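Chain naming follows the written order as A, B, C, D and E, and within any one chain the residues start at number 1.
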Amino acid sequence: MSAALETAVTAPAVAPAPPLLEVNNIEVVYNDVILVLRGLSLAVPQGRIVALLGANGAGKSTTLKAISGLLKTEEGEVTRGEVRFGGERIDGTDPHLIVRKGIFQVMEGRRLIADMTCLENLRLGAFTRSDNEVKRDIDMVYSYFPRLKERTGLAGYLSGGEQQMLAIGRALMARPKLILMDEPSMGLSPLLVKEVFSIIRKLNEELGITILLVEQNARMALSVASYGYVMEQGKVVLDGTAEALATNEDVKEFYLGGHGAERKSFKNLKSYKRRKRWL
Amino acid sequence: MDWSLLLQLTLNGLIVGALYGVVAMSFVLIYKASQVVNFAQGEFLLVGAWVCWWLLTDWQLPFWAGFLFTLAFMTLFGMILQVVVLRPLIGEPVISVIMATIGLGIFFQALMKWIFGVFAKPFPPIFAAEQVSVFGLQVQTVYLMSLGISVLIMAGFAWFFTASKHGLAMRATAFDQQVAQSLGVSVPKVFAMSWAISAVVSSVAGVVVGVVNGVSSALSFYGIKVFPAVILGGLDSVVGAVLGGLIVGLLENWAQYIDAEWLNWGNMYTIAPFYALILILLVKPYGLFGTKNIERV
Amino acid sequence: MAVMTPAGDYRTSYREDMTIFPTRNSRLALWLGLALLCAAPLVLGRYELGLLVNIGIMGIAALGLNILVGFTGQISIGHAAFFGFGAFASAWLHEQFHIPVVLCIPLAGFMTALIGLVFGAPAARLKGLYLAIATLAAQFILEDFFARAQWFTGGVAGRITEPFELFGWRADREESFFYVVLAFVILMFVGAANLMRTRDGRALVAVRDHYLSAEVMGINLAYYRTLSFGIASFYAGVAGALYAHYLLFVSVEAFTILLSIQFLGMVIIGGLGSVMGSLMGAAFMVLLPEAVQMVADALAGGAIDRALRLGNSISFLREMTIGAAIILFLIFEPDGLARRWRLIKAYWKLYPYSH
Amino acid sequence: QPIPVGHLMDLSGATSDVGTPFSQGVNDAWAWLNRTRNGVNGRQVNVLAFDYGYQAPRAVSQYQAWSRERVVAINGWGTADTEALVRFVTRDKVPYVSGSYSAALTDAGGKSGRQGVEAAPYNFFYGPSYSDALRAMLIWAAEDWKAKGGQGRPKYVHMGANHPYPNSPKAAGEALAAELGFEVLPAIVFALTPGDYTAQCLTLRNQGANYAYLGNTAGSNISVLRACQTAGVNVQFMGNVWGMDENAMKAAGAAANGVVFPVRTQAVWGQQAPGMANVQAVSRVSDQSGNAYRPVHYLAGICSAMLVAEAMETAAANGGQVSGERVRDGFYARQNWVPKGFEGVCAPSTFTKDDHRGTLAVSIYRARVSGDTSQGSVGELMQAGTMRLEPVKTVTLDRRADWLGW
Amino acid sequence: MEATTPILAAERVSLRFGGVRALTDVSFEVRKGEVFSIIGPNGAGKTSMVNCISGRYRPTEGRIRFDGQDITRLPTRKRAAIGIGRTFQNLALFGHMTVLDNIMVGRHHLLKHGFWTGMPFWLFGAQREEIAHRREVEEIIDFLEIQHVRKAVAGTLSYGLRKRVELARAVALRPKLILLDEPMAGMNLEEKEDMARFILDLNEEWGMTVLMIEHDMGVVMDISHRVMVLDFGRKIAEGRPEEVLADPHVRRAYLGEADEVVSEPEEAMEPVES
């Protein structure tokens, strides 16, 4: 590994206590043949936001699915390594049990129950709960996303952005300890992107929810996260505190766009350009 | 026009239709939870009827006790089936599961013949008055029983699917198993639940048919007979299934009337519902009560 | 899953890249297999040939259903009725108009295709199971029609048919009819394989996978949904006609929903959307009862027989085995025989470097 | 070296309720023959029994298997498979004694000229054809109507599914009924499976039918009987050979009381007849205790098997070769043929080259049910007299040439 | 490039779903050869507009003209042939087909051989036609740099690759107007750059008019000639990117008070104080 930063992979400098979530050197194979993750390790400390960046197909979503157990439903399998949550091994556990342990994944592409109303989708989010504060939490979600309250129709007819809001709201309903977010800002308008990130920050600060954030909008992600990982082809190639990453030259060029204040224009791209590969 | 015959046939249609409705409901239940068309539904009826028959004759239990034991057994039966056959198929395309139910149908058809023989067997008398007169039509008492039960079951389902969170979970599972799992829903449990309930509900119908006609393996034909009912009502609507059942019952009887009075074609009784089915689907592609799929890009 | 091709397989033209049998070995195997099949009547007995004929006929019908179910994603529970229609149509054409049987068979296919289009008309609007049940209605309505249409089917008594004849060569025995079926199997399967790699075949699959975006690509949904019904019925009709001239007698009783379900079973066991799978599925469904019977015969009188008191229950056990085999198959080989076949081939290609 | 004989049975399919006792009779008879008479002319008979589950294609492929074994005769079963095999057995010259009593099969020479009827020189069956049985019942019904003092023309209706087997005697029955002075009502159709047939019964009542023929197998007939009982329909039902028996009586209970139906043997289980001792001996093949009750089909099964056996004996006599052709000729060797040792049980049969109507004498029985049939086995119920089979009349039809193959 | 002939014109288009007003009185023109962007808050009706153009929805009121032809009531499937192609916001590939076949489907309306002549593949030129079109498709594959997944089944690709395949499929139609619904969603910067380059090439080299919905302001600013802003189904602004972004109404409705993304990148990057 030719990481530009000399930080240890598994122990973020900011959190000496054992992390809430620990992924140790896992290998993931789809359909018994396609090796997608090759020895990936990361750690998410309690109460923090950790960002996971990487190119398309790097295996970010796969990593999240490996944690939440959803891999099983896609003929994928963790063939090596381990995933620990609060010290307890959870790889190989059924996804619905993992949800009950307090990990909730907001899947890529929203994945709402299209033929149910917003309200029903939210109530479903609270499926694992048996307390009677569900109503209050629904109001809380509505206070975060007032638009949702106006939409009484079926979730399938919502616009893309509305669906994204509902997906995040649904995750809140489960009151998880750890939320795995797969590209929460995808398809949102700039205004809403900001809103979503401020909500992510709020969730983290007010409710103390730990968040593992997969995001293509690196700028935003690093602005809320305290620590970050960059992965490529199934491996972590770079990691460090958010500040450190944000000032790293390569990250700047390939994830943030431009050096410092001057922004590279999309207009004047050449067909041939420098591509940075860590591997 | 022979009004009294028509009236009697109408009544009969409603009563038999309620029975179809019960089977249709149990059918829709599995569909709602897993989008699986259960071709073994008829065999559920069969198993329920035989078990009840066995308890009443070999064990000489009173009807209510035998009936309750049958329901308990069917709960177990549905769950075991789910564990043995359907759990391994979770995540496979729906068509595979549908095919598996065909396998199940073949299997239980033969198993029942093996255990209970190939001859039709009668139920012992159950009600003091085997038949009662309803508006001049002699009706088997068990039919009235099934009518009562089906109303109860229907109300229960209506509540279950809209208000209970398990009902929601079931619908979510039908829509997308992966998402349901990500929400903490145990897909195997949902399946177990729906199969168990479905088995119980259809065994009620099985017992009723058994009491009326005697139990024999051909009873499983009811499983196919309800297809028009289910589709007319719309695959995903419990209330629709019951109404579909009633409509099919009525159609059959009216067809019989028209046939007997004017056409003399014979066989209209069995075929008419299917003609009606095609016509209705042409006008309403999602049945009378089914909901349109969400199609948004 | 990515397609695996052996190392050292360099294709230099698109034409080579588009062949049905991509490697030289597979082409070799094909010709060898064909040669063996042609020699089959010389070595095999009537019983085995009868099974092969059955497999061929069922395979053609299953392929038709596979085009509908596997490629276009529409379930049909009425395939047996179309199969039956083809059988009656061919018999009727021959008796009524004295058309030679060779021509009756494809003509029956076209007639069935027409009927399929009639029942497939709702297909343009219906989706999924609603359509499936409409085909169920077709099954019952056609069955009723068979029993009623004396002029066409000979009524409930059935109709006697004439054997296949070509320039004085009569194929009224398994030994000769085998070649007729073989020829049709080759024609129909090659046709299907070609269909699948040209415009209309792709359009069918596109409609199945995502009909909304298919429409945007300029695909006429109604046309293709109906077309798939037409093609499926054509295959069913041809197979039915072959069946009629094989059994030399057609009767309503043979074309019940049970057979429809069996066709579905062949398609799924063979592998949805696989051309060759249809044939394998048919073979499985035809051979399974025979195999179970064979095992039962072998056991008869033996220790297991006595211990389980099989005796009269053997027939139930056989039925149960068939049911269980279907289920087990789906559990352990959900993608069908075709996939298993691919894996075996892949294994041999990579041998000895299988891992 | 044993003689191979095929036996097609339905133990698991749609007609297994009657197929099971019938094929048991056939199997037991062959086993008994092998054991007590040392087979046919000293050669054991190897019965290749196959349960085809009432699926014609399976029957056809099994037939191919048998033709490899060179079976000299086949005991067959259903309508569809028998018809499907007609050509094959004619081609291969294998006598085929089936359980399908369709009159179309009796036209051995193909001389009747009826549409859709083809020469079936190798097809035989034991007992009256469906048509002849119905004709006999109609003749009885006409007398019954007079005897009961019925006024005006009695009304007759044919009931059954629109399928080959129930429909086979429809035209013949309706024609004779009209000839006999019945008013023939439009036929009532009901499926071959059990169901609720109240609608049909209400129609029946509304039409005011007096005599109704039930053309289906037992399962669905029971449903009709029960529904009609509930609906309070007062009509004399006439069953067919496969549509009514002791098991059906038990299943239908009181609803079956009074139904008349044809019985193919001259005596039923428990009655006295010279050949009954042998029947009991046959029965002990599969039931050592000798306590089992044997329904009518079992006895008919024995008689069908014994016909084949004696035809084979004729073929083998004087060192003759047992070939299919010679076995067929064996069927023509005797007049009023009763298998040896089964006198008083098997009805006399006469087959000729052109006419395979073996018997024209039809014994009509009436089912009597008095009380609850749900508890106890058929044997016990018959023993206790809760269920009885009551001989009504034996009608002997003329061997009319215009009825051949119809 | 300053072309003026309109290739597409929407005239007072309104679209209602029951009570929901997805579009109200929207009129605009897209000129031949330009890159035209639609922006606006979520649920503003952008996708609905594209759906109206591609035929998925039929406007409740108003008309849409393409190349001078009124296409308001033209069936969806006929729009491919007149030159309208599109991609989808939520991926809509044919999941079980290979990438190659997916793109070949894009050529559907250009292929002539149906099942009659397709079944006897070798006899009536079906093979020749397939090969010819395969060549074209390979060109697109090369252009979009997806050679390595050519034979992969589309459903197993990662999100970003699927988007590219979808673009390839739309390009294979050889449309005059290509509608792109959020082509950059879910991509990192580098991939966005690639995508931007593809779009520019399509526009400049392949001569396609581009109508694009996009939330990434950077991209919109840089590559579009003109921008239209929708809000609550109404058009609130239209013009050159700089003009539109300067509009206070737009800033409030869409970007938030001040546009940090474009003008003050450093500020947004401040990490959370922990």
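Definition applied: contacts are C-beta pairs under 8 Å (C-beta built on N, C-alpha and C of every residue); 3 or more make two chains touch, one makes a residue touch a chain.
Just so we're on the same page, UniProt names per chain: A, E = ABC transporter ATP-binding protein; B, C = Branched-chain amino acid ABC transporter permease.
Please read these numbers as outputs of a predicted model, since none were measured by experiment.
Traced through touching neighbours, the fewest hops from chain A to chain D number 2.
Taking the CA centroid of chain C as reference, the farthest chain centroid is that of A. In terms of C-beta pairs in contact, the better-connected of the chain pairs A-E and B-D is A-E.
Averaged C-alpha coordinates put the centre of chain A at 48 Å from the centre of chain C.
Separation between the centroids of chain D and chain E, computed from CA atoms only, is 74 Å. Chain centres here are Cα averages; for chain C and chain E they lie 42 Å apart. Separation between the centroids of chain B and chain C, computed from CA atoms only, is 31 Å. Contacts with at least two other chains are made by residues 47, 56, 88-90, 92, 156 of chain E.
In chain A, the residues that touch at least two other chains are 34, 157. For chain C, the set of residues touching two or more other chains reads 1-2, 144, 147-148, 212-213, 316, 318-319. By the touch criterion given at the top, residues 11-12, 14, 16-17, 19-20, 161-162, 186-191, 193-196, 198-200, 202-203, 206-207, 218-220, 222-223, 226-227, 230-232, 247-248, 250-253, 372-375 of chain D touch chain B in their complex. Partner chain E is touched in their complex by these residues of chain A: 14, 30, 34, 48-49, 53-58, 61, 108-110, 147, 153, 157-162, 164-165, 183, 186-194, 201, 216, 218-220, 222-226, 241-243, 246, 254-258, 260-261, 263, 265-267, 269, 271, 273, 275. Every residue of chain E that touches chain C in the complex is listed here, in rising order: 54-56, 76-81, 85-86, 88, 92-98, 101, 104-106, 108-109, 111-115, 118-121, 126-127, 130-131, 134-135, 138, 151-153, 156, 169, 173.
Against chain A, in their complex, chain B makes its touches with residues 91, 165, 168-169, 171-172, 175-179, 181-187, 291, 293-294, 296. Those residues of chain E that touch chain A in the complex are listed here as 17-18, 20, 39-45, 47, 89-91, 156-161, 182, 185-193, 196-197, 200-201, 215, 217-219, 222-223, 253-256, 259-262, 265-266, 268-272, 274.
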